[in-house]
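Look at the two complexes coming up: subunit A is in both, with subunit B in one and subunit C in the other.
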Partner chain A sequence: MAGYVLRRLGQSVVVLLLVTLMVFFTMHALPGDPVTIFLGTTATPEQIAHYTEVFGLDQPLIVQYVKWLAGLAHGELGQSIALSKPVGEVLPGRIVVTLSFTLPALVLSVLVGTTLGIWSAMRRGRLADSVISAVASFGVAAPAFVIGILLILLLGVQLKWLSISGYTPITEDPVAGIKKLVMPVIALSFGQVGMFTRQTRSAMLEVIGQDYIRTARSKGLKEKTVIVAHALRNALIPIVTLMGMSIGGLIGGTVLIEQLFTMPGVGSLLMMSIMNRDYMVLQNIVFFIAAAVLAANFLVDILYGYIDPRIRLVRK
Partner chain B sequence: MSHLLEVKDLRTEFRQPTGTLHAVEGVSYHVDAGEIVAFVGESGSGKSVTQYSTLQLIPMPPGKITGGEIWFDGRNLLTEGQKSAALQSVRGAEIGVVFQEPMTSLNPVLTIGKQLTEGMMLHLGLNRTQARDRAVDLMEKVGIPDARSRLDAFPHQFSGGMRQRIMIAMALACDPKILIADEATTALDVTTQAQILELMKDLVEQTGTALIIVTHNLGIVARYASRVHVMYAGEIVESGPTREIFKAPRHPYTIGLLRAVPSLADERDRRLIPIPGMVSSQVDPPDRCAFINRCPYAVAECETEPRPVLQAVGTGHVKACHRDIDLQTTPVRQFEATARTEAAAAPSATTPVLEVKHLKVTFPTYGGFFKRKTGDLLAVDDVSLTVGKGETVGLVGESGCGKTTLARAVMGLQEVAGGQIIFDDRDITGLSPSQMRPLRRDISMVFQDPYGSLDPRQRAESIVAEPLGNFFPDMSAKARSERVKELFDLVGLNPDQRSRMPHEFSGGQRQRLAIARALASEPSLIVLDEAISALDVSIQSQVINLLEDLQARLAVSYLFIAHDLSVVRHISDRVAVMYLGQLVELTGWRQLYENPLHPYTKALLEAVPIPDPDDAANQRRIIKGEVPSVMNRPAGCAFSSRCPLATDRCRVDKPPLEGRGEAHEVACFAVQAGA
Partner chain C sequence: MTVLSDAKPAATPNLTKLRVKGFFSRVPVIIGSVIILTVVVFAVAAPLIAPYDPAKQDVVARLQPMSAEHWFGTDGLGRDVLSRLIFGSRTSLLVGLFSTLVAGCFGMAIGLIAGFVGKWVDSIMMRVMDALMSIPIIILALFLGAVLGRGLGNIILCLGIVMTPSYARVTRGQVLSVKQLDYVTAARVSGGTGLKTVVHHIFPNCLAPNMVLATMNLGVAILVEAALSFLGMGIAEPTPSWGGMVSQGKDVLTTAPTMAVAASLFIVITVWAFNVVGDAVRDLLDPRLRGAL
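Our next item is the complex of A and B:
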């Protein structure tokens, strides 16, 4: 197991390096540069040349890349041109905002999705199953921003229960803070809930048809024991796989959701930095997103081993 | 006197898109303490569904028990709901079930200790420590070594035979009054099967538990059961004391079944008499005898009368047939020739089609941090074998003995580590796939699983025509279609069905299709890898007869790989016995079965139950131990770890395959030294 973990960690580092490399060079291949955009149309060629030198943008790309990596290793994220601030000062606050609605969305998706999926599988073919399946399919098919707009129209504009945009830190005003998170969380998790429901339902149905479930029933175990102790654990593998994949989906979703609800998170910063060609900010955001996705998938792989002893042994 | 379990007029249905499948149609039986009762029948006969219905273990919906009474312990179990506490207190506690597939019937993610103890803790009120102690006792009782240390192991860490022992321990966990063994040994190797059956028989004798054996294997029934229920299309068509059922069967289906099964006690020249056709659909069937379409004794009356009911023909012997039939009755209908087709030419071992010389096949093993190759696993170890023109060589052995690997090597599908394969005087060892391609015309193969080996989206016609297009590219479309019809005729398929898809055929028909495909290129050798083991007995005999007829007509050679010794005996001219990658005995079929020399061959033959309750062979002793994994092959003779004759020399040196008498080769020091 230890050997497997080490090997897997090594792979992740290599992937991470490849991602940074790709992002770095594609970004610099985009037309336009941050200094020109920052200084505006009135800037003189001398000013542009000066600032280009100040930010080190006149150096060969490979040197810039290595410098950035070296900085990263020391926790030095570089300077944002557009914001005129160190990236290290901007990013943490943004990450907190984004996590404050993505984490609840992930937990909600997993809990509600698996519960509905199990419930639906247990009532296969009945009305409850059909309704859940239909709603789940709608959730998967409808883009998160459509759900968001519907929520704004219903809860914000019509019922006026919630304010339709903005962000209040929970530390400042817990009630207002949580109220403002409700819609983003629901909008972001709606599709995810649908996916988890469908995946859990089909995994449970498959497991319940297995011989060992019949064996468990033949022992006279209570139905609840059969489902929880015998079936669910076997159905977890595809669910956990989906968890790993949904992290990527959630992060992608934040960009739209933050725009829609005007939240100062990583997603909106990402959009802004692309517009401004703010290389340093972009690079670092992409790096952290890639690291998060890789870490999630690494965790998923480790989880497999805990769920299924057969996987544990094969990778010994 | 009231019985331990009494089932009256049980009816179970399954709702299907096309109608209602009547899986169990009015079945009544009883079981008393300490007796062994058998249910026999082919797939779809309802024998398993009957047992599952007793405990309401069938999936509901789509299943539904629509009628009957199940009396157990003074209660009618059918009045209790599927998820009721009353039924849960019977399942596992009073009636234990051992299921067919040891590989899939245990939960892969839970330790066997957990799976063994949960029932005890629930029904017997034991705490965890007590339950674990009891689990260890049970595991020792069913013959699992190092029980305590293996309690926290997972199912995949055990072999199939060991898993089935665990299943039995689990079913016995709460001292049930009845043990139901549903095809409990079907998936196991013969020697393991015999051990498990003996184990269950001993338990019945010691504890007075009643045992219900559900099987399609008549040999098992004859060896163990005291009473037999023969099921067909959801009904019991005949039941009675075992001896009477075998010696004086009174239902045409029972008679057909007994005649269709090859037996070790047969004369080889006996042509198997298959039951023609296949089971008629049980979806909304008409009210008449279900066997009518396959019955050689059916008369006009059978067409018009309603379903026959069971009537007594002796003490405890009943049958459901309008006519009064016994073994002497002359059939009124004949479906197929009863004599063997005379061979056009005698098989000749002197003109070999295939020669395998000192063949070695290895698989690499990997380990360590970077998954480096750490060694070689010898799957086929120095095997030499010839197949003559028009000859059938049977290759038998238990799972993992390397017989399929050998077949793959012959087909050029497996890299060879040493030795030679000579086909038609050409060395074909190590040919590249493109060099091998023209040879595929001359060697073809039929696989075990008729469901997996045909492309589900290809029409029957195109499946059979594909080799024609491959090997006879100049053939006109018309000639090709003529040839396909001819091939359909040859294997006994209706050419009008040639545009059907594989799923529209039954298992036996699909295997015929696979044989037609194999024959299309006019090969001189067909490798049949367990080609009939997935089929029901009545269908098996149809296919065996077909293979024999084809050989007589076309002088094709067969390399017939199987684990069923009775079938191998029936079809083979010579038989090779493999054990852990080594050939241990090779001789003509008669010598092998009448005068087996190698201790392993003897053990194999003794393990096969004979479908005759009086056969003395059924009392023989059973070999102990399990086939070791190839990874742990004993040094010297591979069989030395289980051999009663093994000496120190056997554990060091590998005995060579040497001639012993006329055309009889055996690899055993003891035999070569002794008489």
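Our next item is the complex of A and C:
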């Protein structure tokens, strides 16, 4: 197992290095000069040359790349051109905003999705199953911004229950903070709930037809025990796989949600840095997102071995 | 002497007919197929069906509500929303179909080379695919879209690149299993070149799973294009696109909600139809892939 973990870790590091290469060199192909955008059209060539030197953009690309990697290794994320601040100062606050609705959305997706999936599988062919399956399949087809628009219209404009945009830190005003997170969380998790429901239903249906489930029932176990201890445990592999995959979907969805609800998170910073060609911010954000996705997939791979000991044996 | 009976042998069931019957046996698949057909008709015959020119502005009739004249009202420039939705189906379908085609071509080429050549070529190619897959699809599309620009061709290329890794992975897996088979070994032993073996013996075996993936990815491509247009990084105005219409509708949600709602529903219903039909195509072509793709 330790050998497998090390091998997977090594692969992830190689992939992450490739991400840095792709992101860095593709980003420098972006049309437009960050310094000119920062200084505006009235800037003189001398000013542009001065700031290009200040931000280190006059150096060869390979030197800039190596400096970035060396900085990453030491926790130095460089300087944002557009914000005139170190990236290390800008990112943490933005990450908190993004996590404040992404984490609840992930928890909600897993809990509601798996519960509905199990419930639906237990009632296969009945009305409840048909309704849940239909709603789940529409959920999968509905992007976060569409659900967000419909929620704003219903809960914000028509019923006036919630404010339609902005962000209030929970530490400042817990009630206002939570109220402002309700719509982003629902909008972000709606599609994911649909995916978890479909995946759990299909995995459960495969498992509950097996002989060991019949045996568990025939020896008089309670239905709840049969479902949770025997069926769900064996249906967990595809559900856990989806958990790993949904991290990427959720992070991607944050860009849309933050634009729609005007929230100052990582997604809106990413959009801003694309517009401003703010290289340092952009490359660090994409790097950390890729690292988060790889870490999630790595954890899922390790979890497989704990869920199903047969996988652990094969890896040995 | 044996006397042959005049009786006709029992008719063997027509497999294609049975498959088609099975395909359309589920109500959602029928509904999905009708929706796709409608969207295709909208896209092909948009100038004939749309009641107005989608670019024609009428500042006097700005942000009109639903009426007999303008079924879904008008936008901020007085353009007919229904006409723009009908023309928007062209954008969605064009981007969906061609980006899937681009991704299929790139992905299959990479998968064939990686799987057949193997060794370090395989390792490098697949690690690059892993790197692409580690960046969420919308973020990668945003990033590449900013580099390539906002034209229709650029958006198609951008989404094509974004979706390439899944085709490369499926093709590589297929190549690895097929190249072990006896007939491929026989083809090589009988003097066939590597390229000839790949083109004539391995490539045809990779088509079915990639077709299944392509059908299922059409909905994803339409969704990502809508998301890019919503963020203002997709198809540029004045070309109508559903995502762009949701974005414009968002700004006038309190006064004229029809545009955002109608465009949202067009996106959801179309993507749902492609997903449902994609699932059915997967079950039809290869039931073993159920849940795997």
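Note that in this section the second predicted complex is superposed on the first by the 316 of 316 C-alpha atoms of A that agree within 3 Å, B and C clash if a C-alpha of one lies under 4 Å from a C-alpha of the other, contacts with A are read in each partner's own complex, and residues count from 1 in each chain.
In this section, contacts are C-beta pairs under 8 Å (C-beta built on N, C-alpha and C of every residue); 3 or more make two chains touch, one makes a residue touch a chain.
Every value quoted in this text rests on a predicted model; they were computed, and no experiment measured them.
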Requested in this report: Return first, second, both or neither, reflecting whether A:V293 touches subunit B, subunit C, both chains, or no partner chain.
Outcome: second
Report task. Check whether A:I307 is in contact with subunit B, with subunit C, with both or with neither, and answer first, second, both or neither. Result -> first
Requested in this report: Between subunit B and subunit C, pick out the one touching the greater number of residues of subunit A.
Outcome: C
Query raised in the report: Is A:S218 in contact with subunit B, with subunit C, with both, or with neither (first, second, both, neither)?
Result: first
Query raised in the report: Between subunit B (first) and subunit C (second), which does A:A176 come into contact with in this model arrangement: first, second, both, or neither?
Result: neither
Query raised in the report: Is A:V146 in contact with subunit B, with subunit C, with both, or with neither (first, second, both, neither)?
Result: second
Report task. Give one of first, second, both or neither to describe whether A:L69 is in contact with subunit B, with subunit C, with both, or with none. Result -> neither
Query raised in the report: Which holds for A:G248: it touches subunit B only (first), subunit C only (second), both, or neither?
Result: second
Query raised in the report: Is A:V15 contacted by the first partner subunit B, the second partner subunit C, both or neither?
Result: second
Report summary line: subunit A residues contacting subunit B in one complex and subunit C in the other none
Query raised in the report: Given the complex with subunit A, which residues does subunit B contribute to the contact?
Result: 52, 55, 57, 59, 61, 83, 87-93, 96-97, 99, 101, 104-110, 118-119, 122-123, 154, 156-157, 167, 170-171, 173, 369
Query raised in the report: Considering the complex alone, what residue numbers of subunit C touch subunit A?
Result: 28, 127-128, 130-132, 134-139, 142-144, 146-147, 149, 219, 223, 226-227, 230-231, 233, 243, 246, 249-250, 253-254, 257, 260-261, 264, 267-269, 271-272, 275-276, 290-291
Query raised in the report: What does subunit A use to touch subunit C in their complex?
Result: 11, 14-16, 18-19, 22-23, 26-27, 29-31, 134, 137-138, 140-143, 145-146, 149-150, 152-153, 157, 164, 199, 202-203, 238, 248-249, 251-253, 255-256, 259-260, 270-271, 274, 282, 286, 289-290, 293-294, 297
**Report entry** Interfacial residue positions of subunit A with respect to subunit B in the complex
**Finding:** 3, 7, 125, 209-212, 214-223, 225, 229-230, 233-234, 307-310, 313
